[in-house]
Every structure is written in structure tokens, then in C-alpha cells.
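A, B and C label the chains in the order they appear, each numbered from 1.
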Amino acid sequence: MLKVDKLNVSIKMNKGLYPVLEDVSFSVARGDTLGIVGESGCGKSMTAMALMGLLRKNIKIVSGQINFDGMDLAAFSQKQYEQIRGKRLSMIFQDSMSSLNPLMKAGKQIGEAYQIHFGLSGDALDSKILESLNSVGFTNPEETRSKYPHQLSGGQRQRVMIAMAIAGNPELLIADEPTTALDVTSQNKILTLIKNIQAASALAIIIISHDITVISQTCSHVCVMYSGWIVEHGKTKDIISNPKHPYAEALIAAIPNAKAKDKELGVIKGNVPSLLQRPKEGCVFAERCKYRMPECSGEIGNFVLKDGRTVRCILYRHKDGGKEQ
Amino acid sequence: MKTNSFQSTLVFLLLVSALSGFLTACGAKNGQEATTKASKIVVGIPQDFDSLDPHIAQASGTEEIMFNVFTGLTMPSTAGELVPALAEKWEISADSTAYTFYLRKGVKFHNGSNLSAADVKYSYDRLCGKIPGEEKALKSTFANVVKEVEVLNDSTVKIVLKSRNAKFLSDTYIGIIPKDSGPSQASNPVGTGPYKFVDYTAGVGMNLAKFADYYEKGLPKLDQVEIKIFADLNAGVLALSNREIQFMQIVYDTIAQIPKGDFVIEQYPMNTVQLMGINNNFKPFQDKRIRQALNYAIDKQQIIAMLAPGAPEVDSNFSPVMAYWYEDLKDYYSRDVEKAKKLLAEAGYPNLSFTIKVPGEYPIHVNAAQIIEQQYKDAGITVKIQVVDWNTWLTEVYAGRNHEATIIGLTGKLDPDNILKRFSSGYSRNFINFNNPRYDQLIKDGEVESNAAKRVEIYKEAQRILTEEAASVFIMDPINYVAVDARMEGFKYYPIYFIDLRYLNYKN
Amino acid sequence: MGKRIIYSFLTFLLVTIIIFIFFQFIPGDPVLSKIGLEPDPALEAILRAEFGLDRPLPERYLRWLGNLARLDMGTSIRFNQPVNKLIAARLPNTVALAVLSFILVAAAGIPLGILAAKLNDTKAGTLFNAITQIGIAIPAFFFAMILIIIVSIKLKLVPVTAYVPMSKGFFPFLRGMLLPAIAVSFSGISITVRYVRNSIIEELESNYVLAAKNKGVKSGDILYKHVLRNAMIPIVTILGMIFVSIVTGSIVIETVFSIPGIGSLLIAAIKTSDLPLTQGICVYISIVVIFAYLLLDIIYMLIDPRIRLKE
């Protein structure tokens, strides 16, 4: 249903043009859940914004396609986007506090979506708001609807946001760090809620998280992103059990493991390079990579392994049945 | 996005056009106003009235307008003489202590009642604090002088003085008010003048209307007078150049801003002497030679040329405008820098230095101080100028006599006693601390001398003393500049503060 | 709110004491000022006793405070009239000028600020910025003079002295106030435009704007339905400060346009060391400012639910 093909996005800064997403390609089918994982600054949220047409003014899609149900969203104007946002594709934002209008009651914020998409008003709108609040797990929707965002807890706000996001019955839902600010109990509740919603309406979901455990709980497939590139893309269980890309390997190793408590955390040395410092050629991870070879600074391709996953690492040129794309 | 910015641009344009439409509508209305009210004059004045009650008001700025509402037993002529007003004539007793006034017949007050001797008695008793309920003396010039007021008959009144007082008559221009009207005068002034009071708004101004029963038939010429207060002279000049005012006193600096064809600038001496008052108690100024040096070192003609071209130069505290009393001492001190230097050296102050305190509200005095500063440099005299506000000047310099020198103009009066008494040693505001026994004696004699010729001699000698002793540096009688609408005629000026609105009229 | 009123009251008391003391040290004597040149000696003593100026300072202050409690502010030395009466005659002019100026600031500043925000990143927007920059820099009295020269002298739309008392009709009164109000409000409008513009641009970057767009809200609606109210929160504070500066700024403008307001009265009072009148005017200005801030608090509460909760 959604097929992203060689998407390149650049940011204009100090009169220069700097790439933020490079050759990003993936696809999601109806009923599927795709995860995107990576450290902050790797381009996860940027990918989501590009899909939603919500990139800031100085950030532009340079090339590539976002094929959504036969339309190329990459070429969409804001006007065209206004026709489909909320209705066909929608998003849950990472910070529920700042993403809700602080001066508008929860009920009204949800109601606005129903007004726009279904033209509801009056009693019909009222009952729809209550139904919606109920469906995202509020036991006392009558009370919740007249509360302002600051009067709600983090989990409650996230649920209001979910209610807002799914009001238009979208076919694709992007959840950007939906549980980051929440405690473990609320985290599980929200993830369960998302799963239930998917089960009920078979919509496609993209979950973005820096936390691989969240991805592992929810997603069938996952993209591992680093510095604007997708470095590994495949089935979640394959990648978690046996990461191929050195970055993915390091990321998985960094998961706190109850069984291996005494073992030192597999911390990745160094930092994600800033936009200005990104290498123009070769592997973006090379600098931090423990397997670094002279070839890493040359042309790097994507290699499709025999289990179907794609890895962007020179190591797999001839390994694990790697075939250059 | 496009439609919305279009909408707000539209809203903005509507706002602007509504505003300008509003202003245009007002403008049209304003134009109409001007054409329908031809028999009206608007007079601009620089300060508010201190009181509408003629017996309480002190300020000459109030008096000059209220002369049109109130009339006294006598009034000044344009030549500065006392002429009959409410009193047709008067007689002075042989010992000069009793004045009998014969009132003009058929004079009406603005409230319709007839003027009678009882009203005169009431007015003078009130000034002296002899009215039950109004026991405070309002003017000591009367309280100290008048013994009693007798009503001889309905139209004859006799004022008896405590002792001989030659200048009493010149004070009788004070307004006569109807019997028992004292308490209400401050809010509703009622007199016998050519114009009656209509309304007054503090800070804004006053409206006057022609009094049909004014005793001089055919006067006043105009139907309405509006007095507008301009605390800011610039605003006044702007209103003047826009022809919203037909009459306003201005200063020399602003003449250039006033459109030539629209206004006539009337110029006449003020009967004011601008002087550099020097404190005779200040150590160096105790020496007559230094005071004379100050007189030799100054160039009065240059000051006149720069500040008030055409103004008469003076050498004593008397303006030539009052010709009858005037002693011509012109060129007693003509500029002689060498002589000044010599005198200074002789007195032991070859490098004299002193400070002039000037009131900042009066540009003519501040400017004069600056010119003098330059002129005195030639004689090796250093002048520091300290500009103070009017209130500080009144307190520190005028009442406190705490200064070395100052520049000020003291307004002219009808009687020389009022002018020359200022420098007698006993006078409470003798701010130059002039102390000369002969002078004091002359002032005392002049007050009671009833022989006119002798009285003139007394005051001429007093003037000579001021000059010979170099009591101060007397500079000039500055010019009064009044802008009068060129469409008007009938302007008259007086040697005292009096805007006579009776004869002003639009030319045919 | 109660605390605020107590603080206001204490500030007010302090101000009156400072003025009382200050007047003892500035040169100038009210009675000497009143009687002027060639005074009548009888008058000076009468006046000193009449205004109680022969009494010691603390006694005079306490007496003044006592009278104030009975809403009597004494008699002006310069004008010989009750201070209350003098102020009552002029307060409507100052309040009308301030309110009209404030309405102009809000009515012109907010829409123009929205427009400026929309024009952001365009050439027209840069021009707009330049104009507002000039507007902030020009002193009000200078602008007033320019207005008089253009509108009154050159275009002859309104007379220089357009002031007409309210008693002569509301419309002529309003007409007389318009030009002065424009002069007073000009810099306020410029400041408001800048702040509204910046506030809107800042708010447009907020996450809730993205969330609203995500919901399907059209770009145009986002400004009016979501951003504007949020953007107004900092503007309310600015407008409050502008109101206070309008009240003080009108002091100069009143003199330029010959409007008998509190400002010109205050200048006259200070010039003549008229302590009762100066004190009285300060009391009234304090009341106006306290009232304005109270109103500001209420507006805040109406706009922002987060503040309502705290109170």
C-alpha cells in the first residue's frame, strides 16, 4: 500500500544544501506493522514528516517517490495533502504535551477531526467524541472531554492524541515514539491499544522508536536507520536474533538484558555525526565501526541476503548470499 | 493561505478608508464652521486663568483678558493715562485723602441690574476684607490705604484714605462687581465690561459674548470671543498658521513661522524693562566701580538687534513709553571696554567672574544672558549661566535674593511708584538688594506728593540715582509681538497688560 | 488577587510618601509661585495659612492621608479649586485618549501583526518590518508634530486644536481625540505588530500545529482556530505594558494638542510645586494603572486555562 523508493531529503542551512535522508526505501502493506529504529538524529522522525507532508519550510524532498495507493506523495502540494491527511494517513506525535493545543479542551480537539472528516456537529458530534474517548480506554469520557491537556496525565494525553489521529479512519498510521515519555505500565497499555486498533481495522502502521524492545513487541518488519540511511531492513525477529550490519549489531547489543546483567553494556563508541560532518562518500558508520576496512570509504551498495533482508555494508558483498541490489 | 492574507488586507484597507472618511467628514464640517461665524474672534493665550474673581486674580495674563469683562471706576488709555470709566469724573479733596467719584448713569451689569454707589462700596469693602463672611483682605494695596467708603447718593461714592496716597487713583481700575456677588464671582464672573462671561473650561479656555447693554454705544464690535489656552507655544503657533486663531502674542523667534499674508505682526514696546539685576550684596558688586564696569562692558544695541529689533534702549528702570515720567539718561554708559577694564582693575577684580541665574521659561532672557556672556569676555569678565525654572527663580532669586545676577523683565505699571518702589530698601522683593537712603526717601515722598510737577521731579531724580549708582544693568524695553489676523482692524495697545477687544472687527 | 491588591496599595502609599518628601527638596515654593511677580504681601500669609503650609511635614502628610480616607484630596494651590474637581474635569479626557489609543493599538496592531506574520519571508514582509522599526523609534511628540503638519496644516482635515469638551457632544469630542490618539498609539501599534508577528511565527512552529495539520485542519484555519489564541498570551502582557506607557505618553501629547487632561495638569502642578494637586494626580494614575493590571489578569484568565487553575 505504501512504497517508499529512494527517498532523498535535504535541509537548507547556511546557504548550503545538506542531505538528511538518503535513498530511503521501504514498503508497508495493509495490516502490516513496520518499525523504524535508530539513535536520535538518524532521520526516523524526518522520514515520518516527509511521509506526512509536514516537513518544515527549509527541508525539501530532493528525489525519490512515496507511492501511496497509486499516488506519489513526494510530488503532493500542501493543498493535496490537506485532502488526505487525517483521512487516509495519520500520525501520532512523540510529545503529547506540546502536540496538543494547550488552550483547547480534549473533547474539542478530537471533535475537530470528526467535524472535518465527517461533517458532524451538535449531538452527533458529541456522542462521537464520547464514543471515541471510550474506545481509547477512558472510563469516564464525559469528564475527560472537558479537560484541558495540562489536566491530563501523560498516558491520557497520548490516548487523546491517538483518538484524534484515528478519527478519520486512516489506512496508514505512523506512531513516532508513542511511548517514550511514559512509564512502563502506560507504555504497555498504549502499545496494546495500538495493536487493538490495528486488529480492528487492519490498517498499516509504522512505529518509530529508538527502543528496539518496543519494536520487537509490535512490528513484523524493521528498518534500522543510521545517519539518514537505512542500514538494515528485514524481519524483526531475524534482525534481533542475528543482526548483520555492524551498527544493528551494536544497537541490539546495547539492549539491557536481564539474563546478562553482569555483562557490560555494548555501548557504541562515538556519536552520530552531525549533518555537517556526515561523510560525503562511503559508509556513514565507518568511523565508529569495529570492522572498518579501507573499502568502507568507497562506493557502498545495498546487499540483499538470502533470508530476504537488505544490509548496507561491504562485509556482505560475498557473505550470507549477499547480492548487490 | 492566499485567501486569508487577501481578507486581512481587505480588512486593513477598510479600516484605513473608514478612518480617512471620518477625518474628511470632520474637515468638511470644520470648514463650514469657519464661514458661518464671521463675527467671532479666537484669542490664544499662553497660560490658564489664576482666578475668574477680579479681586483674587493676580496674574497679568488673567487681567489682560478680564479687562473685557470687568470695568473699574477708571481705566487706562492707550497713552497710559487714567481716563473715566464707570466714574464719569472725580474730585480729590484739598488734603488729597478723599476721592469723590460721580458714577456714569445707566450702566448695567451683565446680570441686568443697574450700577449704583452701593456696588462700588461693596467692591472696595470686599477688597479690604470688611464684608461679613469675607473678612480676609483680598488686596493689601487697598486694605492698607483705604479707611472707609461712603455712599453719598445712588450715583456718588466717596473713598476716604488713611493718609495721602498719590498712586491710589491708578489702582482704581480694579473691577466693580454687583453687591453681594463676591462668593459667586470665581465661578460666574459678572461685571459691566463690553463682554459677558459665557463659560470657562479649565485648561481649555473661555467663551465671551457681546454685552448689548455696554455703556459705550456701538461697542464692542464682535459678537463672540473665544479664549484658547496654549500651554505649548509651538502648538499655538501651528494653530495660528492654520488660521484657527485670529489674535495671539508671539515671540520674536516665531515670527518667521507665521504666514505673511494671513497675519499682521503688530509691534509695540511693552513698558517692561529688561535688566540684568545684580545683587548689590554680592562681594564684588558692593563696589560701585564694578557695577559701572558691568554697564560699560555691555553692548545694548547688539542685544536689541538680535533679540528685539526696534526696541528702545533704557538706562534706568523706566521705559520711554511712559514719556511723562521718563528721565532721558540715554548713553550715560555707552560701551567702553577699556574703561570697564580699568574700573575692574582699580577695584581689584581684573578677572571678575560671576553667575547669572535666568528663568528658562523666558527665551529672551536666556538669549540675552548668552549674548552678555560673549560681550563680557572682551572686558575679561567670565560669566556662568545657570538656567532655572520659573518657580525656582521666584523662590530663590526673587524672594530669596540668593543670586549674583539675574536677567528678568518687570512689567510696567500706570503709576511710577509701582515701578520704582521695587528698588527701595524696604520692598519685600528688592531682589537686587539696592540700598540707597536718598532713593528710599524719594519713594516715600513720591507716594504722598499731590503736586504733579513736583512728583515728576521726584521720580526723575530716582531714575537718575539708579543710573548713576549703577544699581543694575538696565537693557531695553523689549518689543511685544502680536499676530493679528490680516482681515481684522481696530487693534489698540496699552502700556499695561490689556487686550482691548472692543474695537477689533473684521474689515468690510 | 488579594495579595496583588495589598501590594498595589503599599506601593501606592510609598509613592505618595516619596512625592511628599521629594517636594521638600526640589526648589520652588507653591505660594511664591502662585503670587508671582510683585505679590501682594497680604496674600502670601493668607495663602500659607490657608493651605496649612506652616505646619510640619509629618503632620501635613498624615492630615492629607486622613482626608484621602474620606476621599477628599484637598485644594489645589495653583488653581484654588478642589483637587477632586480639577481631576474630575480632566480625567475623562485622559481616559478617553488612553482608551481610544489602546483600541487603536489593538484594532490596528493585531490584524497588522497577523498580516506581517503571513507576509513573513516575502519582500512586503521586510518592508513591513522596516516600517514598524521606524514606528518604534519615532518619539510620540515628534510624530504628533508631523501629524499636525500633514493632517491639519497641509490637508486641512482636522483643525490643530480639534479638542472639544465631551459636554459639547460625543462625536465632536471623539473627532478631537482621534489625531492625538493616533499619535499616542503609533509606537504601540508598531510594537504590537512586531510582537504579534513574532509570536505567531513562533507558534506556527509548535508541535500542536503539526498535530492539527495531521488531523486534516486546513492551513488557513490553523492560524485562526489554533495559533492565534496561543500567540495572544504573550501579547496580553505587551498590551498591558503598552497601556501603561500610553497613560504616561499622553502627558506629552496632551500638551501638544492642547487637550486639558491629567498630563497637562500634572505638568502645571509640578511646575508650580502644587503638592496637593500632584499627589492627587498620582493617586488617580495609580488607580488607573492598578485597574488596568487587574483587567489584564482577568483577560489572562479568560485566555489561558492553565492560569485559571492556579488561582
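The working rule: a contact is a pair of C-beta atoms (placed from the backbone, for glycine too) under 8 Å apart; a residue touches a chain by one contact, two chains touch by 3 or more.
Given the structure is predicted, the values throughout are model-derived calculations rather than measurements.
When every pair of chains is scored by its C-beta contact pairs, the maximum goes to B-C.
At the centre of the protein atoms shown, by the Cα-centroid criterion, sits C. Rounded to a whole number, the gap between the C-alpha centres of subunit A and subunit B is 89 angstrom. Put simply, the C-alpha centre of subunit A and that of subunit C have 53 angstrom between them. Between the Cα centres of subunit B and subunit C there is a gap of 37 Å. For subunit C, the set of residues that touch two or more other chains comprises 219.
Of all the residues in subunit C, the ones that touch subunit A in their complex are 121, 205-208, 210-219, 225-226, 229-230, 303-306, 309. For subunit A in complex with subunit C, the residues that touch the partner chain are 49, 52, 54, 56-57, 78, 82, 85-87, 90-91, 93, 95, 98-104, 112-113, 116-117, 148, 150-151, 161, 164-165, 167-168. Taken in their complex, subunit B has these residues touching subunit C: 1, 3-5, 8-9, 11-12, 15, 19, 22-24, 26-27, 30-31, 48, 50-51, 56, 58-59, 136-141, 143-144, 186, 201-204, 228-232, 234-236, 238-239, 241-242, 244, 388-392, 394-396, 398-399, 410-411, 418, 422, 428-429. By the touch criterion stated above, subunit C contacts subunit B in their complex at residues 27-29, 32-43, 46, 78-81, 86, 89-90, 107-108, 111-112, 114-115, 118-119, 145, 148-149, 151-153, 155-163, 165, 175, 178, 219-220, 223, 255-258, 260-261, 264-265, 267-268, 271-273.
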